[in-house]
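The following pair of complexes shares a single chain, chain A, combined with chain B in the former and chain C in the latter.
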Partner chain A sequence: MKALAAAAVAFALLIALALLAPQWLVFMAMLALAKGVVVLGLVVLMRTGLVSFGQGLYFGIGAYAAALLSHQWHIADAAVMLLAAAAAGGLLAALLGLLLARYRDIFFAMLSLALSMILYGLLVKSAALGSTDGFNLHARTFFGIAFASGMERRVFLIAGSACAVVAALMVHRLLDGHWGRLASAVRDNELRVSYLGASPYRVVYFNYLIAGTLAGLGGALAALAVGHVDPETTYWTTSGEFVFIAILGGTQSIMAPFVAAAIFETLRTIASQYAPNVWQMSLGLAMLAIIMFQPAGLWSLAERWRRSA
Partner chain B sequence: MNAVLTAEGLKKSFGAVTAAANISLAFDADTVVSLIGANGAGKTTFLNMVTGYLKPDSGRVVFDRRNIVGLSPRQITKLGVSRSFQVPQLFQTLNVRDNLLIAESIAGANDPQAATDAALARFALKPYAHQQAGLLPEGIRKLLDVAMALSSRSKLLLLDEPTSGVSADEKFAIMDVVMGAAREAGVTVIFVEHDMDIVGRFAGRVVAFYDGGIIADGTPDTVLRADSVRRYVIGDEVPHAAA
Partner chain C sequence: MSNILPVVFDGIAYGSWLFLMSAGLTLIYGVMRILNVAHGSLYALGAYAACSFAGAWLNGGLPAAGSFGMLLLAAIVVGGLVGPLLERGLLQWMYGKDEVVLVLVTYAVFLIMEDVIKLVWGVDSLLLPEPYALPGNFSLGGLAYPVYNLLLIGMALVTGLALVWALYRTRQGKLLLAVIHDREMSMAMGINVSRFYLATFTVGATLAALGGALTAPTVAVTPGIGVEVIVLAFAVVVIGGLGSLGGAALGALLVGLVRSATVRYWPEAELFSIYAVMAIVLIARPKGLFAVQEARKI
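This part shows the complex of A and B:
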């Protein structure tokens, strides 16, 4: 109930933002939301004790799936794009997960990174997809309803908010019950999980599937916001950003990925305005500070503040 | 015959070490059996082969009239064989209640919450329910490990040194709780034990291991008095390392 109320409030605020805020802020919120959805998936995976350094793979697949619909098949419906992107991410994760779910720790992290770099290599090489330049996409309708020009991003933000809120609620339901405990159990002791009669492989596999699906969805949201896709979406620095945001927010709460993504985008916007050359360095310093002083993420600050209030 | 489990000609070597040298044993459904033997005699290896953690080099393990060699620990658990470990295998970062709740949920209890409360009461774990498993005293960790093993409503419960690492005056209390719960669940118990007082008190049959083979098998009275056992098992009072 509490989660439902929080979701409703967040959704209302996002709609207000979409309708009233200046374009640049709508754009920024859209990007933060896109990344928040990806990180939400990463947090699900992290419950099993695994970190993927290759979520850019699914982010890129989602972005390109949406863009290809518009570019190759002239389908310009944002809702179709979002669904197709999530499906594409999920399908690919269902396939690659068969392999990845066997690996743990650094092997899992590195293998996921390697797979994302393979896609990057393929995209850079493929002239039909614009190589390093990528290509543009256009969405003109949402569930078949056309919207006035200039309103696109505002509509996308509302659509994206709806997706994010639904995804967050579903993840919350999932992690709050048996599945969430089972994921923690796999993180703590796979031997015991097997000797209780459950399959650690299956738990990892499904959580990887969820993470891939959400990253695909996030990729399409980002592509809609930017109106353009390029191989950078699958590059390892993009994947690193997701891990960064996950650590920044912590894995305690379903809200944390979104709050952390918003902070991240704000910082980046400010930095690129006033100090474009030290952005990477400030990122590094921020990470250092988090790991040293707030290893459970910024969300734990909010928790503490709430408890003392 | 009323055998729940039969091992036939199990062999296993690790390099030059023979951990199981042609072991054949049949376990009766209503007898509590204790496996004894010095450190490295092959007791844990036997449990590991029965539960699918190790594959024997040759031989068969028959449970429920079915050869279970080659099945995984998960599959064997689902068939009805559960176990506890020499070093308790817990979910360290979770509390005692969640440990049991996970076990009951996996086992498919109709009402996992109620089953967890019942297990907490049965194993006298209520006072620890909200403590983190990784921080518990050893005796409580042992109890929790057994409680989790028993959640799967198995037919056969294998306990690897349920009282090791526990102070002498706690051992009997722990065994009383464990054996009481096992009887209530109607499960056949095989337990590995180093303390001969515990063996004498709780076992109906004793099997003595030595160097991967069996040197004595029978009632506690006969086995614990046999010369070979006194020499190779009981004479050896070296405190065992956790393995």
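This part shows the complex of A and C:
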């Protein structure tokens, strides 16, 4: 019930933001939301103790799926784009998961990295998809209803918020129950989970599927916000950014990825405005500080504060 | 036959360069269990330092042949300064953490160094064409071919042989093998493990810087050159099996040949082919070609 209430409050706040905030803030909120959704999937995966350095693969697939719909098939409905992107991410994850679910630790991280770099290599060299420049996309309707001018991003933000809230609630339900405990058990001691009669492979596979689907959805959200896709979405630095946000927030709460993504986007906007040359350095220093002093992420600060209050 | 020869030669030259990069990476992983993302920034530092050193040498009107020595000096200075700085200043506090966390730590270092490089050398491209142009060309199957690539291959051979000799033929190397095999037992036997960690990281860092320094004359040195290199070196190391020196050599040669063949016959697939090889190897042998299977423990 508490989760539901929190979700309702968050959703109401996001709608208010979408309707009242200036355009630049709406844009920033959309990017933060898109990354938050991707990181939510990554956090699900991290519950099993696996870190993917290749979520850019699904992020890019989602973005390109949405863009291709408008570009090749002239389907300019944002709702169709979001659904198609999530489906594309999920399908690819269902396929690659069969392979990746057999790997652990550093090998899982490296193989997922290699797979995302394969897609990057393909996109960079495909002239039909604009090579390194990528191409633009336009969404003109939402569930068939045309946008009033200047309202596109506001509608996208509301739609994205709805998707994010639903996804977060579903993940919360899933991780709170039997499945979440099984996932933690796989992380702690996989062999014993097998002895007890559960299949670690299935847990990893299913969580990977969730992560892929959410990353696809996030990719489409980002593409809608920017109005442009390029191969950079699948590059390993993009994937690294997602891992960074996940570490920043921690894996303990469903809200953490979104809060961390919002902090990340805010910092990035400020840094690119005032100190573009030390932006990466501040990221790196923040990451080291968190790993050393707050290994459970910023969210654990909030928890501690709440407990002492 | 005549058009296969350049392809093979190209592949070997590229493979040599890859080997220089990945030997350090695999050495550090083998001893310290750190998959060092900052290897890419050490490479970039090496390239920048080479530009500065050799540039100063040439501007001083000294004989141009000496710029090769400057390349090597740049690598040694970068490795000898930054390597110990990183290991003593940061990494030594991180041992015992999860391997994935260590990847993140070195990723953070990588991000920091990217900006440090920009602050020190600025964002403009640096060029250092002299050492590349100086030795001239030789003819290979009717094609003019830079002698510099021969130097690169020679350098990789010398480095590889030196590493093998140091590891298997010297007392310190054998002690290091003991550390790799069982860290705690070696400590109990009185081996100063932390000193070996420091030495390993310094040697690995120097190799990365050497890779960068030797690349500097062939490309425009710009911010971000380390970004691509690091995943390439990862691919090579993972193909060979993490921690295996022979694996890194074979992986580098394999990737080098595959790349030069695709560049020749199917140029669109250049990047794709390298990672496809890695994916295929990992699918067939999940821990790489030369990795030892470990027993599963409860």
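The definition used in the following text is that the second predicted complex is superposed on the first by the 309 of 309 C-alpha atoms of A that agree within 3 Å, B and C clash if a C-alpha of one lies under 4 Å from a C-alpha of the other, contacts with A are read in each partner's own complex, and residues count from 1 in each chain.
The definition used in the following text is that a contact is a pair of C-beta atoms (placed from the backbone, for glycine too) under 8 Å apart; a residue touches a chain by one contact, two chains touch by 3 or more.
Note that the coordinates shown come from a computational prediction; the quantities given were computed from them, not determined experimentally.
Novice: Look at A:28 in the shared chain and tell me whether it touches chain B only, chain C only, both, or neither; answer first, second, both or neither.
Specialist: The answer is neither, since A:28 touches no partner chain.
Novice: Is A:157 contacted by the first partner chain B, the second partner chain C, both or neither?
Specialist: Once the two structures are laid over each other on A, A:157 reaches no partner at all.
Novice: Which of the two partners, first being chain B and second being chain C, lies in contact with A:192: first, second, both, or neither?
Specialist: A:192 sits against chain B and chain C alike.
Novice: Per the contact definition in the header, classify A:115: touching chain B only (first), chain C only (second), both, or neither.
Specialist: second
Novice: Does the superposition put A:210 against chain B (first), chain C (second), both, or neither?
Specialist: neither
Novice: Counting only touches as set out at the top, which of chain B and chain C does A:260 meet: first, second, both, neither?
Specialist: In the superposed model, A:260 contacts neither chain B nor chain C.
Novice: Look at A:182 in the shared chain and tell me whether it touches chain B only, chain C only, both, or neither; answer first, second, both or neither.
Specialist: first
Novice: By residue count, is chain A touched more by chain B or by chain C?
Specialist: Touched residues of chain A are more numerous for C.
Novice: Taking the two structures together, which residues of chain A meet both chain B and chain C?
Specialist: 189, 191-192
Novice: Residues of chain A touching chain B in their complex?
Specialist: 178, 181-182, 184-185, 187-189, 191-199
Novice: For chain B, which residues are in contact with chain A within the complex?
Specialist: 51, 72-74, 77-78, 82-83, 89-94, 98, 101-103, 105-107, 112, 148-149, 151-152
Novice: Note which residues of chain C are touching chain A in the complex, please.
Specialist: Counting only chain C, the residues touching chain A are 35, 90, 93, 99-101, 103-105, 107-112, 114-116, 118-119, 123, 227, 231, 234-235, 238, 242, 268-276, 278-279, 282-283, 286-287, 296-298.
Novice: In their complex, what parts of chain A are in touch with chain C?
Specialist: That would be residues 51, 53, 99, 102-103, 105-107, 109-111, 113-115, 117-118, 120-122, 124-126, 189, 191-192, 236-237, 240, 243-244, 247, 277-281, 283-285, 287-288, 291-292, 295 of chain A.
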